[in-house]
Amino acid sequence: MSGEAMIDQWYPVGLISQLLAKGRQTLLMGETIYVSCNAVGKAIVTTSDGRDLPVTERYGHVWSSLGLPAAPLFDIPEAEQPGRRLVDVGVVRVRCSPLRAVENFLDIAHFPFVHTDILGAEPHTEVENYKVEIREDADEVWATQVKFYQPQAARSASGGITTEYMYRVPAPTCSILYKTCPPRPSEWDVITLFVQPLTEELCDVWPWMALFDDETPMTDLIHFQQMIFLQDRSILENQIPRRLPLDPGMEIPTRADLTSVAYRRWLKRHAFTYGAQLVAQ
Amino acid sequence: MQKDFSAAWTPVALSADLPVAYVIPARIETADVAVWRAEDGTVSAVADRCPHRGMRLSHGFVRGEALSCIYHGWRYGKTGHCLAIPAHPGLRPPEAIRVTVYRVAERDGVIWVSATEEPGEAPAHEGFTGLRSITLSATAETLAGCLNSALRHGTIDWKIDEMKARLLTTPSSEEGILLAHLLIEAGATQSQKRSASIALEALRRAAEAAVKQGEAA
Amino acid sequence: MILYDYILSPGCYKARLMAALTGLELTLRAVDFHPGAEHRGPELLALNPAGSIPILVDGDLVLTESAAILVYISGKAAPAWLGNGQPATNARIQQWLSFSARLTASLGGARLHEMLHRPGDIVALRAAGVTALRELEAALFEQRLKNEAFLVTDRPTIADIACFPYVALAPDGGVSLDAYPSIRLWMRAVRSLEGFIEMPGIHRLHELKPDPHGLPSSSEAVEE
């Protein structure tokens, strides 16, 4: 299996709120696993041959690994802030590489065409320069000072605004977006994409959010995010090749794609290649 | 002796099924292609893949004389060169950003695509016009067999109620599925066209049943 | 008029689309269908024992079944969508409303299976979907022969709205629409209608608007 290095990562495998004693069968990197809970509701994840896998419960989700994660799951400090609404958006399955799913989440140039009149609209298609770095201490990809004009950026926005973003990749199939929070301009709304790799070309996407929004009903918050993700799904299922090319040549980035370029470089550096393809293959 | 170039051409679609400012997915032997008609009526065929992030161009949209990718709106002209990148509106994309372009011919209501550099004339079907395209889970041989007719370079002659008809077959983009274009006599009446469509449906039922029987045997 | 609605439900979308096309105002009450299964919770079961959405409430009237909701919305706001009142037209519309239930079961079932983990026999669901699509393709082809762009007559009716969403979203369930040229042309006709609104999985037709930028003149490099 390619992407051996990815085997020791944490991956989302279910919602804490939907844990059942009788369990649920799913796939993790090609292996069948079972997600259930014990008598006191604590999550248990096992393989078909009864092996217990590492488990952690955070950010509304159950996380597991086929290997041995070297560290606990990454931190999202904003998630602990009082007053935050924590939103389980609900899983969506997509026939694409888990890495393609993450890369799409990092991209903003598609907003006017795919999330038309919501996250972007013609003629406001320009992507201004922004900052990207691989933060060596945390070993994470970060994009900052990202800006984009949006007709309806969030449920809590009442018209067009220029939204500011930061993007963060703390793990190969997880991405965290920090965006302008209309009710509290000095804070960031946090929107995440936690991706479960079922196979190299099939994944379950578990979006999650930590927002400052006391007005909007929870269901509307869920639906807004589901709407955005579902608009991306038909794009993700029609990218060729399915696996993310990590070597230059097949695909041509521009300056608007700095985050994706850094993400691909970071994946390659770590040999995070489950769901990727290299020229040599 | 004239060399038969007909094998270089694939009948991908019917003219009537490709109106102005429209794009469709199609398949030739060596590639998936996006076939599109510009505002001025010209048909073009390009590799069905945007070189930016690999998105299928057949999901895109046609404005004026260019085909744009649905993902980030990259615009391609008839030569396959990228004309504009909406994320950078003032900047001209370099020559290197382009999609492979294929040869196109349109005649007798049929659109042909070739990957060959100089494919010669596309096959002629004098007196015929394209009517309807269907796909079916059967081989061209089975189809020809159902009609007791010969199969020549994917073409099968047919008669529907004394009217001449012809089937052009080619592999579809789906494994094991055949694409068949029905041509009928130019000048056929609306009633004859309807009968031909119904006959085509009956033929498909017969061919697919024959395949099932063959499988059961 | 209140619509109990789920943004990803093609059935609910039929109601939202009909309202948009006819200019009728709907108050949307979002139902947490997924992941919350709210449609099967006590409040909604009391309103609709079938446990389904959409549900339309207008005063004392409670309507379930998307076809019925289409009849009501168009009857109230734009009766031309119900056809010309001739027996044959009424019957043909009815035929397609009945047919649309097969699209929901097959293509809709495949979509729920592929996208939202709902159990089902995906092979059988897709095969039933293809059977239905072939019938729809044949009918739309014959309409084109008569120079009619829609299912019943030359103008759209609720028959088109009843069939459109599940067909347009067939690829969500792994059923490609490449094989159906007449269906794809009809989908474009529906998506080009004045007042048309999208749902997630159905993109805007960007070709309907001209390119807002001219062609660029600077040859400065765009690459990274």
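In this document, chain identifiers A, B and C correspond to the written order of the chains, with residue numbering beginning at 1 in each.
The rule is simple: contacts are C-beta pairs under 8 Å (C-beta built on N, C-alpha and C of every residue); 3 or more make two chains touch, one makes a residue touch a chain.
As the structure is a prediction and not an experimental result, all values here were calculated from the model.
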Remotest chain, chain A as reference, centres from CA atoms: B
Middle chain, criterion being Cα centroid separation: C
Separation of chain A from chain C, taking each centre as the mean of its C-alpha atoms, in whole Å: 29
Whole-Å gap between the CA centroids of chain A and chain B: 39
Set of chain B residues in contact with two or more other chains: 59, 70, 73, 85-86, 88-89
Overlap residues in chain A, where contacts from two or more other chains coincide: 113-114, 122-123, 125, 234, 252-255
Where chain C touches two or more other chains, by residue: 203, 206, 213, 222-223
Footprint of chain A on chain B - complex, ascending: 32, 48-49, 51-56, 59, 70-73, 85-89, 96-97
In the complex with chain B, residue positions of chain A that touch it: 103, 107, 109-110, 112-114, 122-123, 125-127, 234-235, 238-241, 245, 250-256, 260
Touch list for chain C against partner chain B, complex: 134, 137-138, 141-142, 144-146, 176, 178-179, 181-182, 184-185, 188, 203, 205-207, 210-211, 213, 215-223
Residues of chain B touching chain C in the complex: 13-14, 16-17, 19, 21-22, 24-25, 59, 61-64, 66, 68, 70, 73, 75, 83-86, 88-94, 132-135, 172-174, 177, 179, 190, 193-194, 197, 201
In the complex with chain C, residue positions of chain A that touch it: 15, 17-18, 88-95, 113-114, 116-117, 122-123, 125, 217-220, 222-224, 226-231, 233-234, 237, 252-255, 257-258, 261
